[in-house]
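Next up, some structures in structure tokens.
One chain, chain A, links the two complexes that follow: it is found with chain B in the first and with chain C in the second.
The block that comes next holds the complex of A and B.
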């Protein structure tokens, strides 16, 4: 990993809720690399989602800095950063008044100011890539949860981002639909796209992640390769967590 | 009502119907436009703009339409501003109803799921783009059923025009009564109003079906 370029870097970042009672990031320092799939796991309420939401300033850190390609992410450059870091949400968050294709082209047209023709051309390609070439004119309410999440992934891809943030992308899906989303995410991981994935899907983490981190108490208490993480966890909490997962 | 009386009254009735329909249409359009603008300005969350718009909503929603109408028609000439009666009527309705429309759309804006707004924000859209391209269109579509009802209110409001001598449908009915001392004309007017409302309801249902955002 040492040859890899740092894409996102947290420097001494702190984030709390409830007037400091709930600590999400505690002087957090970490670098996410270009081309890696980094899975973040941890117990519910540990702040995994908040961590990635801080990267594109959907949440604001209380102190410290977050850098994207070496430049601090501020309110002045956030628009450009968001254009380059796409996000896939837990509950899809598709625009209900738009078709799948319109959802996918909305960002490129209005944010990147691409022509409708160009945005549709690439949008169609990405919808086909996620297996929805025949559902382009369907509105979100006509799609299953898995299909909606695949549209959301196509929407992210059509921004041609340098990084994609996945915030528990399969949590809101029925079990039988998880696979179709995971397959696409694995394909993206194989393409060496830069991804930070918050997930409880340990199968995906084992198969596709380059590194896995465990968030607890506002810090990554362990970061390791999947093999080391699952088979030889250094931290007791992580070992306990893995044991609990395996019990299920 | 004899056939002769009816034929004598018919041009007045048609003229009144035309004025009612035309002024209603204009008032609906202007009320929705102004109300939408006010709702959008409130949605921007700019403290100053929001405060100004809230005062606007508060004043015109709580002032009786008749008071606004009389103020424009009888009050403004005192400061040498004389507007045609029909203009006074349309402006009065616009001021009054746009406050209600703004509140309707503002309510719908509040109901736009924050996740959808976050999705647009995360794509790099500016606040203005998010409001104009996503929040307002969604809120407006979801407001259509209530706005249809409000359109009926606007049509009913136009009947007050008769009080400032506009020859609308209501005044056409009164004119017949005053001439022949026969109140059958009021029945005719009532049926025409009901027919208009039934038509509006149907149009509203079609629009609702087309525009309603299903989740």
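The block that comes next holds the complex of A and C.
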């Protein structure tokens, strides 16, 4: 890593469900750096999605603190934090009553209070960047899954965020559409954008990630570079997980 | 008594019913929208009150509400008692229709809007409400047709509506068939008008919201 500026920091964060029966974060301490692509993997139900949702307060932690650029994320400053941390969801979550371009400009107009003209100008650029320059006036139900997810990525990019959270962006896609989304994510990683990616796409993790973490029991039991993570895992659970995914 | 004379005799009642219906429709629409949003938000405490109101209104006949208002609350006029009673009664139904339509929208859309830093009410106004109009209109039409028909009972609180005047006419002419036929035609026209407006609104909002599946485009 060239830069080591901490963007998001968890300090002793705890998060449980079902009155403490399900532990998602157990006195979790971790720092995510600016400009890094950080892949989080783990078994289903480990709490990967919840972890990244805690960053922009779509889920609330029970105790501890989450800092963004050194400032605690609270309900008072959450709007400002959300303006700077964009999110791409597993099920796209596009607004079906709006066209692709309207989806992309919704945030800049109603959150950043940019003019429609300005938002559309940059929105068109990002839609072109994700290869959808010719589908700007299409509504989500006229787009394929892969195209919808690319619109969702353009929507995130048009906020000019400091960080993008990806919550299993390819899980709801047909196998032939995964590639088109992964290609864009790899391009973003190469641009040194700060990204936290929850994914099962180990190919992407191997190629594009700067660090990979494995979440289990409410903590990262291993954090390593892709090469070390896949070839020399220190933890037995991680080794078992890698063996399992390599079998498929 | 000729047909023209009969219509003239009933005209004052006709005007009162024609005034009562749009007033109740507008009030229940606004109140129902607010109730629907509040019920959808599930605000602790308020949610229990709204649930009690909804089940109470839906559980008893409109005539009982009107009678309860008439005998227990000394309202200024019979017309206002009828207006308030019917509005309270039907707002509970409209509120539940609105809530149901909101519930049908995937929660992820609210999450996506919030993750962009957009406020709750802006998401409601720009994302949710445009999407619920189309599915809501047929249900609202059905509800408003019922509201129109419920205005036939407002004479029990002393409103001299078309039903009241019809009964007076029947007492004068000893001709219930003509009286009821005239009342029936008036209500038929009123209900048909509501259906027509509903269809127009539905057509106007045809482009909003997901209307066709992806497969229909290929």
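Convention: the second predicted complex is superposed on the first by the 245 of 248 C-alpha atoms of A that agree within 3 Å, B and C clash if a C-alpha of one lies under 4 Å from a C-alpha of the other, contacts with A are read in each partner's own complex, and residues count from 1 in each chain.
By our rule, contacts are C-beta pairs under 8 Å (C-beta built on N, C-alpha and C of every residue); 3 or more make two chains touch, one makes a residue touch a chain.
Note that the coordinates shown come from a computational prediction; the quantities given were computed from them, not determined experimentally.
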Check chain A with both chain B and chain C modelled on it and let me know: fit or clash. clash
Pick one for A:144: touches chain B only (first), chain C only (second), both, or neither. second
If you stack the two complexes on chain A, which partner ends up touching A:91: first (chain B), second (chain C), both, or neither? both
After lining up the shared chain so the two structures overlap, which partner does A:171 touch, if you call chain B first and chain C second: first, second, both or neither? neither
Identify the partner contact of A:225: answer first if only chain B is touched, second if only chain C is, both if each is, neither if none is. neither
Counting contacts the way the document defines them, which residues of chain A are shared by the two interfaces, the one with chain B and the one with chain C? 56, 58, 79-83, 86-87, 89, 91, 93-97, 106-107, 110-112, 139-141, 152, 155, 159
So, in the complex, the side of chain C touching chain A is made of residues 106, 108-109, 111-119, 122, 126-127, 130-131, 208-214, 217
Inside the complex, what are the residues of chain A that reach chain B? 56, 58, 79-83, 86-87, 89, 91, 93-97, 106-107, 110-112, 139-141, 152, 155, 159
Show which residues of chain B lie in contact with chain A when the two form their complex. 113, 115-116, 118-126, 129, 133-134, 137-138, 141, 213-215
In their shared complex, chain C is touched by residues of chain A numbered 56, 58, 79-83, 86-87, 89, 91, 93-98, 106-107, 110-112, 139-144, 152, 155, 159
